[in-house]
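Next, two complexes with chain A in common: one pairs it with chain B, the other with chain C.
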Partner chain A sequence: MSFELFSNLIGAFFTLCIFSFLYKDNPLYQMAEQLLVGLSVGYSLVLTYHRVFIPYVYQPIVIRHQFMLIIPFLIGVLYLTRLTRKLSWLSRYPIAFSVMGVGSSFALSLHTAILVQMRQAMVPLESINLTLIFIGTITVLLYFFFSKAHSGTYGKFVNVGKWYMMIGFGASFGLTVMARVSLLIGRIQFLVLDVLGLMK
Partner chain B sequence: MKKTIPMMIVMIGGLIWLFWAFSPHYIMQEDFLYKFYIPWSWAMIPPATILGIISLSMMHKAKIQRRAHKWQYSFFFFAGFITITLAGFLGGTQKGGLYMWMFENMQMPMSATMFALLAFYMASAAYKAFRARSPEATVLLLAAIIVMLAQVPIGTRISKYLPDISQWILDVPNLASKRGIMLGVGLGSIATSLKILLGIERSYLGGGD
Partner chain C sequence: MKFFKRMQELDRRWIYIIIALAIVVPLMIPFDSDNLTTPSTENLYQMIDSFSGREDRAILMSFAHDASTMPELFPMEVAILRHCFERNIKVFTFSNSPLGAPIIDYAINTVKDEYPQIESGVHYCNFGYKPNMFAIVIGMGDNIATTMNVDAEGRKVETLPIMRGITNYTEMNLVVEFSGSVAGGTWIVYARPKFGLNVAVGVTAVMAADQYPYLQSGQLIGMLSGLKGAAEYEKLVDVFATNEQSFSSEKLSDPRIRDLIKITTQSVASFTQTEFTAFLNRYPQQKDLIEKYREEKDGIIQINWSQIPPQHTEQLGFFVMDELQRKANHIKYSFKTARVGMNAQSVAHIVMIVFIILGNLGYFVQKLSDKK
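Now for the complex of A and B:
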C-alpha cells in the first residue's frame, strides 16, 4: 500500500465517520467530531505561534528591541485573568482596546452601508430595471419603519417590499444550497476518484 | 478603576478612531494606524488564543472528572489537540511533516464533510419551511429553485432562458432587497456605535462590579 493511498484511506475513514451522522448520532461521529475540534484548536495554536507570536511579538521585542510592544503583550496577558474570579475585571482592559475600533466602524458604516448605497440607488430611472430597483429599495426600507401602522394603501405599498425580500431570501438560499452541494460533490469525488481510484 | 477606565479607553480611543476616518493627516493614517494600533492589536492576539484553549481544555477536563454525558469522547479532543500541537512545535509546519499531514488528511476532510453535511439539513429544513403555504412562501421557493437550477446543466436543458432569469433575479429584486436591508443595518450599526462611544451601551464590560 502506497503512502498516498494510506493518507487517502485515513481521510476517507474520517469523511465516512462524519457522514454516518446522516443515519443517526453514533460513537464514530462523536469521536470524529471531538477529534476535529482538538485538531482545529491545535492547528490554530501552532499557526498563531508561527504567524503572530514570532513576527509580531518575539522578533520586534527580542531582535529589533522595540520594547514598547511589551506593553500590548502584557495588556493581552490580562485576558488570562478571566480565569480567576477576583481579578477577572482586569480582562476588561484588552477588551476595551479592541472595542475602541467601534469609532472607525461608525464612519465606515456611514460610508459603505449608507452613502454608497444611497448614491447607487439615486440614479436617473432610465430603464425598467433601475425603476424596479428604486421601488424595491424604498419599499423594503419602509417595511422596517414601524412608527406607522402597515395598513390601508400604505400597507399595500409596504407589502411590495415584503415580496422583494422574499425573492432576495430565495436567491440567497439557492446560492447557499448550491455552495453546500458543491462541497458535497467534492467529498463524493474524493471518495470515488481519489480513494477508490487508487485502490483499483 | 474596574469599569470607568476601560469605558474611558473605549470612549477616547473611539473618538481617535472617528478622527482617523475623517483625517488624511499622516499622524493619523500612518503613525496611529500602522505604528500604533495594528502592531499593538497583533501583540494581544497570542494571549487571547491561549485563553480560548485553556477555557476549552478546562471544560473537557471537568467533563472527564465529573464523568458527564459522553465524557469518553473528550479524550479524543485531547488526543487530537496534543498530537497536532507537538507535531507543529517539534516537527515544524512545512509540507511533508506530520503537522501538515494531519491537517490535509484529517482536519480538512472532516471540516469539509461537516459543511457538506449541511446540504442535507438545509434541504430537509427547506422542505419543512418552504412548503408553498402562502403566496410569499411560493415566491421564495420559486426564486430559490430558479437560482439553483440555473447553476446546473439540467437547468439550461429545461429552458435556455433560465440562466438569464436567474441573473435578473440576482441583479434586480435581490439587489433592491439587499440594498434596503443594508441601509437598515447601516443605520443600526451607526446607532450602536454611537451608543458605545457615548457610554450608553456598556454590555461589552460584562457583569459583576
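Now for the complex of A and C:
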C-alpha cells in the first residue's frame, strides 16, 4: 500500500467519523474531534519549531552569532509567563510591543477605512446605484443615532436603514451558506476523487 | 394540508441525506454549465495578464490561510499560478503564517506538473514563510531582494534570474492575498497609500461581504469571492490564457466560447491537414505512432486521445499528449475543480431554496389551520 493511499484512507475514515455526527452524537465522532484538536496543536507546534524557531532564532543566534536577536527573543519568551499566576504580569511587555504596532498603523488605517470610504460616498448621484448607496448610508447612520426617538416621519425614515441592514445580513447569510456548502463540496471531492478515484 | 404537516415534522436527517445527494450526484456526473464572470474577477485577470512577457513586471501571491479554507481558496491559487505559467508572468509567493507555507508548495507542485518547462528561481520564486508582516510589507517597497534575503530553498534572492528587472513595488506592482479572514488589510493600509501598490484579494464567501467597501472604493483592484470567484478565474484562464488570446468582453459572450470551457471529458482532437502536418513535424520520432490513431472525417483529421492505451501514451510522451488534449479542449480535473464544485453548489442551492419555500408555506398553512 502506497503512502498516498494510506494517508487518503485515514483522511476518509476521519471525515466519515465527523460526518457521523449528522446522524447522532457517537464515540467515533468524539474520537475524531479530540484527535483533530490534539493533532492541530501538535502540527502547529512542530511546524513553528521548524519554520520559525530554527531559521529565525537558533540559526541567527547560535550559528551566525547575531546576539542582538536575544533581546526580541527574550521579550517573546515573556508571553509564556501567562502560564504562571505569579509572573503573568510580565506578559504585558510583549503585548505592549504589539499594541505599539497597532498604534503606528492608526493614521494609515484612518485613511483606508474612513477617509477613502467617505470620499467614495461623496460623489455626484449620477446613477440609481449611487443614489441607493447615498440613501442607505444616511438612513443606517441615523438608525444608530439614539438621541432622538424613532417615531413619526423620522421613525419611518430611519426604518429604511433597518431594511438596508436586513438586506445586508441576508447577503452575508447567503454567502455563509455558500461557504459552508463549499467546504462540504471540498470534502466530498476528496472522498470521491482522491479516495475512490471516481472522477476524471 | 397533510403534506405540509409532514414537511414540518420531517426528521432533519432526511434533509441531510437529500443535501448530500444534491452534492454527490453532480460531482460524480459532471455537466457543462456556464459561469458568468463578474467585473471584480475580470479586472484582476486583466491586470495580471497585462504583465505577460514583461521582464520588469511581477505579481506576489500571499498565502495567508491554513488548510481549513483550502476548498475555496486553493482552486483560486491554482488558477492564478496556471495563468502566470501559461502567459510567462513572473510570480512570487510567500506566507506570513507557518501553516500557509506548505500550501504554497502544494499549489506550485499541482500546477508545475503540467508545465515541466517552468523553473524555480527563473519563472517563479517561493519566499516561503516570513515572519514580521509589517516589516516585510514596508521593506519590499524599498528593495525586495534585501527584505526577503533568501527564498524557501535557501538561495540568495538577489542572485536569482527572476530578479532581473525587479527591485520593488514599482515592478512587482500587484499583490494578491488569499485569506479566510480579513484579507489584504496590511497591504491596503501600509503599501497602497505609501507605494501605490495594486492590491487584490481571494477570500472565502463568508468574508466577501466585508471586502466589498474596499472594492467599491477602488482600494482593491479585484476580488475573487469563494468557489464562485475561483470558478470564474478558471474559466477566464481556459478561454484566454491557454489559447494565447488577450481578454475581451465580446469574446466572452461569443457562443463558440462554450466549446473551450466544457468541463466534461473532451477526447477528440481535430486538425486541418496543414495543422496535422505541422503537428507531425514537431514530433518526428512519434510520427508513426500518431498516424496509427489518426481518423479522417469530412477532410478533418481526428485523434481520440482517450483511446490511446497507457503503453502508447508513455511512448508518445508528455508534450504530444498535452498538445492532443489541448487541441481537444480537454481540461484536467485540477484545473476545473471549482467549476465542477459550482455545479454541485448550484444544485444544493436549488434544493435549499425549495426546502425554505416549503418550510415557510408549511408554517403559514399550519398557522392558518390552527386559527380555524
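Definition applied: the second predicted complex is superposed on the first by the 182 of 200 C-alpha atoms of A that agree within 3 Å, B and C clash if a C-alpha of one lies under 4 Å from a C-alpha of the other, contacts with A are read in each partner's own complex, and residues count from 1 in each chain.
The working rule: a residue touches a chain if its C-beta (ideal position, glycine included) is under 8 Å from a C-beta of that chain, and two chains touch if they have at least 3 such contacts.
These figures come from a predicted structure and were not determined experimentally.
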{"item": "Partner chain in contact with A:Leu132 - chain B first, chain C second, else both or neither", "value": "first"}
{"item": "Chain B versus chain C as contact partner of A:Gln189, first or second or both or neither", "value": "second"}
{"item": "Which of chain B and chain C A:Ser109 touches, first, second, both or neither", "value": "both"}
{"item": "First (chain B), second (chain C), both or neither touched by A:Tyr56", "value": "both"}
{"item": "Touched partner set for A:Ser88, first chain B, second chain C, both or neither", "value": "first"}
{"item": "If touched residues of chain A are counted for chain B and for chain C, the larger one", "value": "B"}
{"item": "Chain B versus chain C as contact partner of A:Ile18, first or second or both or neither", "value": "first"}
{"item": "Partner chain(s) touched by A:Arg119 [first = chain B, second = chain C, both, neither]", "value": "second"}
{"item": "A:Met178 touches, of chain B and chain C: first, second, both or neither?", "value": "both"}
{"item": "Which of chain B and chain C A:Ser44 touches, first, second, both or neither", "value": "both"}
{"item": "Chain B/chain C common contact set on chain A", "value": "22, 43-44, 47-48, 52, 56, 101, 104-105, 108-109, 112, 117, 120, 168, 171-172, 175-178, 181, 183-184, 186-187"}
{"item": "Touch list for chain C against partner chain A, complex", "value": "13, 16, 19-20, 23-24, 27-28, 30, 70-72, 98-99, 101-102, 128-129, 131, 134, 188-190, 192-194, 204-206, 208-209, 213-214, 216-219, 225-228, 265, 333, 337, 340-341, 344-345, 348-349, 352"}
{"item": "In the complex, chain A residues that touch chain C", "value": "22-23, 43-44, 47-48, 51-52, 56, 101, 104-105, 108-109, 111-112, 116-117, 119-120, 168, 171-172, 175-179, 181-189, 192-193, 198-200"}
{"item": "Contact footprint of chain A on chain B as seen in their complex", "value": "2-3, 5-7, 9-10, 12-22, 37, 39-56, 58, 70, 73-74, 76-85, 88-89, 93, 99, 101-120, 122-123, 126, 136-137, 139-148, 151-152, 168-187, 189-190, 193-194, 196-197, 204-206, 208-209"}
{"item": "Complex contact set, residues of chain A against chain B", "value": "7-8, 10-12, 14-15, 17-19, 21-22, 27, 30-50, 52-53, 56-57, 60, 69, 71-73, 75-80, 82-83, 88-89, 92-110, 112-114, 117-118, 120-121, 129, 132-141, 143-144, 161-178, 180-181, 183-184, 186-187, 190"}
